[in-house]
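Labels run A, B, C, D and E following the written order; every chain starts at residue 1.
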Amino acid sequence: MPSPLLPIRISDLRLVKGDRAVLAGINLTIGEPGITVIMGPNGAGKTLLLRCLHGLIKPDQGQITLGQLSVTDSRDQQAMVFQHPVLLRRTALQNLAFAVPEIARSEPQRLLRALESVHLADRADQPARMMSGGEQQRLALARALLSKPALLLLDEATASLDPASVLLIESLVKTQSAQGTKVILVSHDQGQARRLADDVVFISGGQVAEQSPANQFFTAPETPVAKAYLAGEILL
Amino acid sequence: DTIIVQSTTSTQNSGLYDYLLPILKKDTGVQVNIVAVGTGQAINNAMRCDGDMLLVHARSVEETFVAEGYGEYRRNLMYNDFVIIGPEADPANVAGSRDVNEVLLRIVQAGAKFASRGDDSGTHKKERSLWQAAAIDPDTGSGQWYLETGSGMGATLNTGVSLGAYVMTDRATWIAFANKQDSTILFEGKPALFNQYGVIPVNADKCPNVNREAAETFTQWLLSETGQAAIGSYQVEGKQLFFPNANDNLNSSIELK
Amino acid sequence: MNALAEAFRLIITLDADLFEILWLSIRVSLIALAISAVISLPLGTWLAITKFPGRKFCILVLNALMGMPPVVVGLLVYLLLSRSGPLGWMGLLYTPSAMIIAQAVLITPIIAALSNQVIENLHQEYRDTFYSMGVTGRRAVVAYLVDARYALTTCILAGFGRAIAEVGAVIIVGGNIDHLTRVMTTAIALETSKGNLTLALSLGTVLLVLSLLINALVIGVREYAAKRQYA
Amino acid sequence: MNALAEAFRLIITLDADLFEILWLSIRVSLIALAISAVISLPLGTWLAITKFPGRKFCILVLNALMGMPPVVVGLLVYLLLSRSGPLGWMGLLYTPSAMIIAQAVLITPIIAALSNQVIENLHQEYRDTFYSMGVTGRRAVVAYLVDARYALTTCILAGFGRAIAEVGAVIIVGGNIDHLTRVMTTAIALETSKGNLTLALSLGTVLLVLSLLINALVIGVREYAAKRQYA
Amino acid sequence: MPSPLLPIRISDLRLVKGDRAVLAGINLTIGEPGITVIMGPNGAGKTLLLRCLHGLIKPDQGQITLGQLSVTDSRDQQAMVFQHPVLLRRTALQNLAFAVPEIARSEPQRLLRALESVHLADRADQPARMMSGGEQQRLALARALLSKPALLLLDEATASLDPASVLLIESLVKTQSAQGTKVILVSHDQGQARRLADDVVFISGGQVAEQSPANQFFTAPETPVAKAYLAGEILL
């Protein structure tokens, strides 16, 4: 069962901050299930694009539809992990319970299993804000996955994870995607992008520079800007 | 049986109620709750039926209150007198005055300060009538030498004493007042300074909620031999503060001590 | 100073009259605080996290109402509860209940405005996450109150301080009736007007000591809870 | 209600007497606020960010002092300024200066305790960074005050509200003397004791309108500045 | 001129949180100048170790000396970039000016040059907290470098940077190190570690598992735990 929020259509998305167009007319259609990786230099607008998709920002101009739904109507079926996850001033387990109160009531064991899946089972009762950076990020991921969203937005979700945790999270994301969740993932990690991406969207200067299937993007990027980025050469 | 009495502050501040009410309770079983506020507020509260009795000292206002049907009747209860206090040094030399007019005149001429209640209370009305009798308009000096405190007797005394100003106060409040500093009674004992207290049960026709029976019991007790004797026997520092006169309804020629 | 010695004497001998007055002060203020907190904390929180036209204006009004004179509150409650007022039939005037109502009215805007500010700060941090998890309405209000509980105690203590120190409103609606509605502040006002400044000050000192104890209790509980949680 | 109509009439006719009283209220409260803010904001901040033995106790005392009865503050200042008091020679009793002192004493603990809480929250965020950059003492205090300025306005407005609404302290040290030290709240108390409830209420309404205007001004400036900065 | 804070000696450093010894007796001597990279799984204690070195945490037990100095006395000569940098509620430029008030007064152009060096010159007047994740991290780095510290502690300072920015920062760090600053850097990025490290300290479970010169560590790690980590196999 493919995600009900497909296709995702973004047309002429614009966002101006001060006198800069930080999103300068994004046109993008994501029709296929699987994992879409968004890449691009710092400040390209990746995070802002994800936030628009999730409904956290109202763009100044432009349209977004997800399947038949508007951003607002699809909110319940989306989950997002932020670049800097915010955890509540509670224990790890309480953080999960708060995110999915019905599950916490009906199947509390699922919360423990979710903690286990990110290898934090023995931290259930630790205050979440006292955890290490990587632990917090894993907890935030477990929280997002618990709601079994139709669309999962990940903003550099593995940025401060150790190599093993990265692989662990990647496999969780792949499993989730195989179960029908559409995943859109922002990453600067080319290795990760290669391992996960079904297709790649390359953003630069608030615009979509390129959208290609993954193997094509990494072997023969169409645009010079993407080519330079992959070689570590773009500087704003 | 419980009643609420809207009362002037001097009777409370001087400790009279603390003395009377336990005796009353023993005699009649009536529990009296005193709300001591400014005269105007007391009358207003009583007009809104928030009291069963009124005990104040502003005769003309009291009579209007009864005339308009808010009170059943008014009776004289007791009296004492007003005195003029001021710093012992007496810069305006009021002590040797012949009458109140002269006191006020000397204060004005000496450029001394005078602290007035300025709150439309019984005491304040009395004071204003004295100025009028002396043909002086103190308002021209308001804020300079004529200080209208807009407060109760106690607060006005605190202010007056601290400023070394002259103040007209009822004798009871002054005797019981604890912050006298270097002020003292400088002028007293003239008929013009007479101070009559009255008692009025609130009219049950206007205020169906009043506890008419208990209010009547209290009133009659106050006016009875027992009550009057009790009032007369209350002393502070060996001095009698209030003089019962329930039987005198003319009170024109009371001898002041 | 004499007042301090006298205050000390009052505290150690603690006679029945003083105890009665103290106890009424505490009872009235704590009940008023409880009533007010139940209204003002959710209100302040809700205003911090809900967008609607006029929200800014509501917050402005709350802030301005922090400057509502106690005498005015007293008068309004008096007019309401007076025998000839709309709620006169309840017979609450000149009872502790009337004082509780007046104090609750007085401190509700204060706690609401202060907690609004505290929650607004936390909201900057949690907003996106709560939006993403679909946490809104009552659940969000409760979550904010729980997570900001330590900072909120200061708001609550500010409300308590205002309530226990209050005299203008309670004297109008309570009447300062001996053995019935006399509280510490009205007793202090009475002694002041009698010129008993030393006694007034020592009563004030006793009240401050009480205030200190209650604050110590609340802050102690807060510190203990915070420590236990993050041990 | 009559009081509202009367208040409206008072405002539009605004006679000289009322204006004098209003203006004195504003002046006294704003000056007291300014004096208090200069002391209490750095104090609250310093207590939030400096570790020393007894710090918790200081904060506790500040919190408790929020419950200091105005009458007691009034008495203390009265004793200080009275002719037989230590500062009697200055002749300040029953002048606006005395009222300013009393109000400043009254609201300093309030603003200090509230700002302490605000800064403590910000400190949790900035502490490590400031430590790392070696920012301490005065520089740290100033930086915290600047960065928390929006949240601090609420604390300041709470202090202002308490000052402008205050009656118990100013009536003792000011004396409510007509044309000299009469402010809105003491005028309201006077009208109440005269039984002129309608006039008292309408004066209260005028004061609230004033409070609303000042709050609107402050909050307006805050919003404008915030918007400009993060445009 | 080698860093005056060398050698750094850490002996028997212990820190207990709840009933867990999160630092379980760290013994470590860092004697050589250059760049030391600390690696280890999430929750190993890397951040806590850096915080102890910087004086942010008082350990429950153990000694730290830097050159002749204690932690406290060396604080002025240290700078640290946190895993999640905290910027003040001010513009980018004001953030730099606040960190080094004397420089801001005497040589304001140096602040602008510092912004340029991390390619943020055109963002001088943007409120720092409105910047993208990578931009904030670069600003925090510029801030730390401005004070020309004798010891620079970097906690995953390039975690959310794009490839070009990573290389840029790496070159800034190398330059700084060449000028005599001792750099201790926590990173999960093996590529980065290989490019930068003179030696590697591997931490696991609150203890030093291995300390080796870089080339030796990556080619032939001594301990099985380091070997597994590099292969992406360690899970706590």
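By our rule, a contact is a pair of C-beta atoms (placed from the backbone, for glycine too) under 8 Å apart; a residue touches a chain by one contact, two chains touch by 3 or more.
Bear in mind the structure is a predicted one, so any value in this text is a computation, not a measurement.
Common neighbours of subunit D and subunit E under the contact definition above are absent. Residues touching across the subunit C and subunit D pair largely coincide in numbering: over half of the numbers involved belong to both copies. Subunit A and subunit C, compared by their mean Cα positions, are separated by 47 Å.
Put simply, the C-alpha centre of subunit B and that of subunit E have 82 angstrom between them. Between the CA-based centres of subunit B and subunit D the separation comes to 37 Å, rounded to the whole angstrom. Counting only residues that touch two or more partner chains, subunit C has 192, 197. Contacts with at least two other chains are made by residues 18, 130 of subunit A. With touch defined as above, residues shared between interfaces to two or more other chains in subunit B number as follows: 37, 45, 152, 155, 158.
Across the whole structure, chains are in contact as follows: A-C, A-E, B-C, B-D, C-D, D-E.
For subunit B in complex with subunit C, the residues that touch the partner chain are 4, 9, 12-13, 17-18, 33-37, 45, 48-50, 152-155, 157-158, 176-180, 207, 209. Those residues of subunit D whose C-beta lies close enough to touch subunit E in the complex are 125-126, 128-129, 131-135, 139, 143, 147, 229-230.
Touching subunit D in their complex are the following residues of subunit C: 56, 59-61, 63-72, 74-76, 78-79, 110, 113-114, 116-118, 120-121, 151, 154-155, 157-158, 160-162, 164-165, 167-168, 172, 184-185, 188-189, 192, 197, 200-201, 204-205, 207-208, 211-212, 214-216, 219, 223.
Chain contact summary for the complex, subunit E toward subunit A: residues 17-18, 40-43, 47, 83-84, 119, 126, 130-135, 138, 156, 159-168, 188, 190, 228-236. Subunit B contributes residues 37-45, 118-121, 142-143, 147-152, 155, 158-159, 162-164, 181 to its touches with subunit D in the complex.
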